[in-house]
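Shared chain: subunit A. Partners: subunit B in the first complex, subunit C in the second.
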Partner chain A sequence: MYKASSRKSDLLLLAGFTVAVLLAPFILGPVGAGYPDLLQKFAIFGIFALGFNILFGLTGYLSFGHAAFLGVGSYAAVWTFKLFSMNPILAVIIATVVGGVFAVAIGFISLRRSGIYFSILTLALAQMSYNLAYSVLTPITNGETGLQLAQSDPRILDVAFGRDYGAVLPSSDFFGIHMTGYPGYYFCAALFVLCFFLSMRIFRSPFGMMLRAVKSNQNRMRYTGLNVRPYTLAAFVISGMYAGLAGGLLAVTDPLAGAERMQWTASGEVVLMTILGGAGTLLGPVIGAGVIKYFENIFSAFNEGVLEQIFSFLPEFLQHAMVSISSMFVGEGWHLTLGALFMVIVIFLPGGLMEGFSRIWQRLRRMTKRDDDKPVEPSSVPAE
Partner chain B sequence: MSILTVENVNKRFGGLQALSNVNLQVEEGTVHAIIGPNGAGKSTLLNCFVGRLEPDTGSVVFNDVSLLGLKPHQINQVGVSRVFQTPEIFDDMSLLENVTIPALAKRDGSFKLNAWNAVRDENGIRDAAMECLADVELDGKSDELARALSRGDKRRLELAMCLVQEPKLLLLDEPTAGMSRADTNNTIELMKRIAENGMTMVVIEHDMHVVFSLAEKISVLAQGTVIAEDLPDKIKGDPRVQEAYLGGAHL
Partner chain C sequence: MDDILLQVLNGLDKGGAYALIALGLTIIFGTLGVVNFAHGALFMLGAFCAVTVKAVLGFEKVALDPTRLTAWGTPVEIRTTYVEAWFGDFGTLLLNFSVPVSIVIAIPIMLLIGIAMERGLIRYFYKRSHAEQILVTFGLAIVLQEIVKSQFGANPIPQPAPEAARGMIDFGAMIGMQAGGVVYPAWRLIYFLFSLLVIAAVFSFLQFTTFGMVVRAGMADRETVGLLGIDIDRRFTIVFGMAAVVAGLAGVMYTPILSPDYHMGMDFLVLSFVVVVVGGMGSLPGAVVAGFLLGIVQSFASMNEVKNIIPGIDQIIIYLIAVVVLLIRPRGLMGRKGVMEH
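Take a look at the complex of A and B:
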């Protein structure tokens, strides 16, 4: 049964989300994720997944090329640093706009088809962008080396405002605060909260309802007087802007941009994040992004030496066997773990982790209800 | 005054002449029934009105606007709504949402980037939607998913989705098919009430009971041709109709 959300529950969710993001360094400290580099990734890929969910979760159009917008956003941000200013505000604005413009072009072509053909078109266009970045566009992308800052960059706005970085390579800074470490995280976090808020507004709006209608029955939509294409294109462009912003933030926290960011594996990752967390739910993609980045961090840090230590309690031949088996799943092989995790989720929880949470929640509620139904014992303390 | 004028419409599917030289005039404010055996081309004819199919030749004019070449959403926006033979609804949305969408489409047009306001604050829209759900006696289920409805209820939901748009012309393709007798009678009563409010309707129906209690005019379609068009009483006695439709048995 579908129940419309109330204003109050939305405010609570937003407040809870904001508090969780602001306190993340403390909340995630105990699980070893409370350090800024990883937290920045949570926020950035959370934004990426939030945007992807507006397209895929609401309209059902599965793009396999969203990493292209991530990469384009990064390039746009680094160019902004080089040409105009190291201030991250301008960089993320330009990254968002450029991501959106790029999405208009790719969306215009690929949305002529739906279903698997749409997915293939987005994949093909993204791979084309990736290859172009390595070849013809080398003057813009700096090819395999990646686009980097240089001391000799013009930075005309910084120069105009008398901002001088001296002889060192500049890093992005927000009116004097360097965008690395915790300041960098809180810059990303502020935009993360803003993106979540916007995503919530879209979900609750008539526009969001039309996007869900696209997924549900396009035929009925048309005979109801609605033009489907502009709705899908708008969703595509919005999600492209989210991705552009995420790419821009990657460059803000680490000012270089490479084409590998546009590769199809990166596009696949955001699909996994969204499905793992729960496509079409507000919070799911954020959780999916967090879980994947967290486990990626843990599993890719393992190496044979660590594994040998873990299994050192076993007899030697067993230790070797265990190490060689488990080493397939860690380090470079972490994607194997991800694949297995993904399969388990899709088979047992097609609605993603959010479905799992709501099942647990319902079971708990049923259990407490049963308790309420029991006749009150005379000895029990009266409820206040 | 005729609100819908169909002239010399032909439609061919491969070797099959589904419609041949169909002419039809629907008068404003009346209920016009189209009857005929299975495969006569009734649904095909409606498809030509709403932009699902393009006739090979002929013209379809609604309120002085030619409908040929218009997209389905444009046809709806000029005031034509349709209930399909197999219900077309938003299965995984609530009943209230199902009716809210057409109400918004009527108010906001075929596209609006209305992404800032909340649907829950659209009081006028919700009231109109609930009223239409009440008209088809589904207001008690407004929070349920449309998927869970019985076939008859899905039809009535689709009818509510059309009614909330206050169309100038309502097209109904076998609105009582698959309904129990009781549901059928309820639906007839509902359609009568709608008709009394002055709605122009084209109804495809195989149930003669429904047709004769509703229609002010009847067109009989057989093998893609209109073989008779007249008042219900005249149609009842027309030997050509009995021949084509019932193989000679008396109505």
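Take a look at the complex of A and C:
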């Protein structure tokens, strides 16, 4: 199940990952994803899914309320912009810390139970935060409108350092570089690589081993005299900090925060990203996040006109039929595709895309090495 | 005193909905051991059964009356619904009672949907982990919800109650208190009584029929029942269908209280899960008691007097109770030992 990997291959993976992230605008250009807004989403949700995977992939605790940390991170970042400074570094740090603190509170309660109780508790607590953000906490969250920047914000640090944004609404800037477009992407990308590195260190560390032990057999772990709670709580808080960071980055690239980011659909989305890519694998969640955001972007942009063009090679009555069927799945109906994808993945490929890749890889190897009579065990990654 | 009684009444109809959904959820937990995140979607489908029935009954035939002219000189259009044209007064009655009539239609439809769901999807997940069960039913819930959205639109569709039940009932006078003190919408009281009826039907079905006895035996020890030569799988399929019917009926009758829209299922699902957890997984009386209890507590928390002391308490009280119950009584109020312990 778990194979210790060498230092060298890890370094190679990290280097390859870094290069891929840095060159993403060129690599993803040909498939129509080479523009900064989408790339930012890839990086941000990649971080979110990486964090979720540390909890779900390693310990098997399925949290259904992770979007709450994302939302809290966004609010924290926007408030930092409003009160202190437009510099994204401070905002990102505060978002991470606030996400972590929030995760300590929620984790402390919900980790008392495991299995479905844990899922329901996290779902309930996240839904509670969402309700609160919409109603009573309106002075902090600005309710339905969402939290936005204003010209009259104090921004005490900016004022102290003599920065004046004049009469325009400021956007977040990193010592004078605006965090939109490619600079924004590279800011996210730097943190993305850092998060990937940290996640890799956690996977390879004794701590990561403990988390895997929690997943495979908690009782046996207790019998050996280990207390499970600190490990699970630590994993929960780390993944909460990742989510807070992702939320902060969402606010950095587009400085507003709304409660809808905390809804259960958003929590479901990160679960889907992780299992689509392959829970418990290092690279899987990143791939899952990329695939989902990519298809979301493409599918949402489709409308009937585009569909009619696509099916224009068909005879007319077939064209109409195809358009009316497929239009259910695109545009506004993107969520239908998402739900269907969710079911297909869980039913047929519980190990996610990474398992699919490894199955294909095994088959190829077997085909090329027919004369080797050593049978190759299909290495399946258990996904829970 | 009147205020307190009013709040209790307020909680009863919502509590009835919670209890019915939670009852189905906990039956499925207890029998099949499956965590059904699509149960809220079944509630929503039931509500949309009522919407469909009303739409079908409301099909209109347009006739032109050449003897009368409108201001523009065109003949007056006379719109009559087909049911009224065909059945006369009985048709009008049908239209008026479209929500209760939907029950008759909803029962077979929900039963079919439930059985199809169990045979087509859920049964492949008995042996798989709870996380995978949650995920696949969650996906199913999204799919059902989006299909409804694409067919009926995203806006709530109001459903009128029958005219006779649209008014208010002076509940205070009925139980011998001062007249006019506790006045309450009639339909909500009907909903409460209806939910009691359904709950009683489910309990007596499980308690007094041979089928119910087998199901209860299966809940206690599935393997032994199988060894005795009883096809427990088939019974459990029907039980799943029954749970779907209960959720669907809860949805049908709830439409005059809350105009149905495509995401009502998820809103209720989260709360119903909380109800099940508070009541105790796999405990049927627990689900019912906790459903009504939480409904009433919620309505007390939304009183202005309470909200002035603790703002926002109405939004979070249910979740707070769930957290407290789970921390001090992990098995829930009436949870049984050995059910869903892991």
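Keep in mind that, in the parts below, the second predicted complex is superposed on the first by the 358 of 384 C-alpha atoms of A that agree within 3 Å, B and C clash if a C-alpha of one lies under 4 Å from a C-alpha of the other, contacts with A are read in each partner's own complex, and residues count from 1 in each chain.
Keep in mind that, in the parts below, a residue touches a chain if its C-beta (ideal position, glycine included) is under 8 Å from a C-beta of that chain, and two chains touch if they have at least 3 such contacts.
Please read all numbers here as calculations on a predicted model, not as lab measurements.
Room for both subunit B and subunit C is found when the two structures are superposed via subunit A, with no clash between them. By the document's definition of touching, of the two partners only subunit B reaches A:Met210; subunit C does not. Contact with subunit C, but none with subunit B, is seen for A:Asn131 once the two complexes are overlaid on the shared chain. Judged by the touch definition given at the top, the superposed model places A:Leu14 against neither subunit B nor subunit C. Considering which of subunit B and subunit C touches more of subunit A, the answer is C. Look at A:Ala234: by the touch rule set out above, it reaches subunit B but stays clear of subunit C. When the shared chain is aligned, subunit B comes close enough to touch A:Arg201, but subunit C does not. In the superposition on chain A, A:Tyr223 makes contact with subunit B only, while subunit C stays out of contact range. Of the two partner chains placed around the shared chain by superposition, subunit C is the only one that A:Met328 touches, whereas subunit B remains out of contact. Per the superposed model, the minimal spacing between any CA atom of subunit B and any CA atom of subunit C is 13 Å. When the two complexes are superposed on chain A, none of the residues of subunit A touches both subunit B and subunit C.
By the touch criterion stated above, subunit C contacts subunit A in their complex at residues 35, 121, 124, 128-132, 134-136, 138-143, 145-147, 149-150, 266, 270, 273-274, 277, 311-312, 315-316, 319-320, 322-323, 326-327, 330, 340, 342. By the touch criterion stated above, subunit B contacts subunit A in their complex at residues 50, 71-73, 76-77, 81-82, 84, 88-94, 96-97, 100-102, 104-106, 108-120, 122, 143-145, 161, 165. Note for the complex: subunit A touches subunit B at residues 1-7, 201-202, 204-210, 212-213, 215-217, 219-228, 230-231, 234.
Partner subunit C is touched in their complex by these residues of subunit A: 60, 62, 64, 109, 112-117, 119-121, 123-125, 127-128, 131-132, 135-137, 264-265, 268, 271, 275, 328, 332-333, 335-336, 338-343, 346-347, 350, 383-384.
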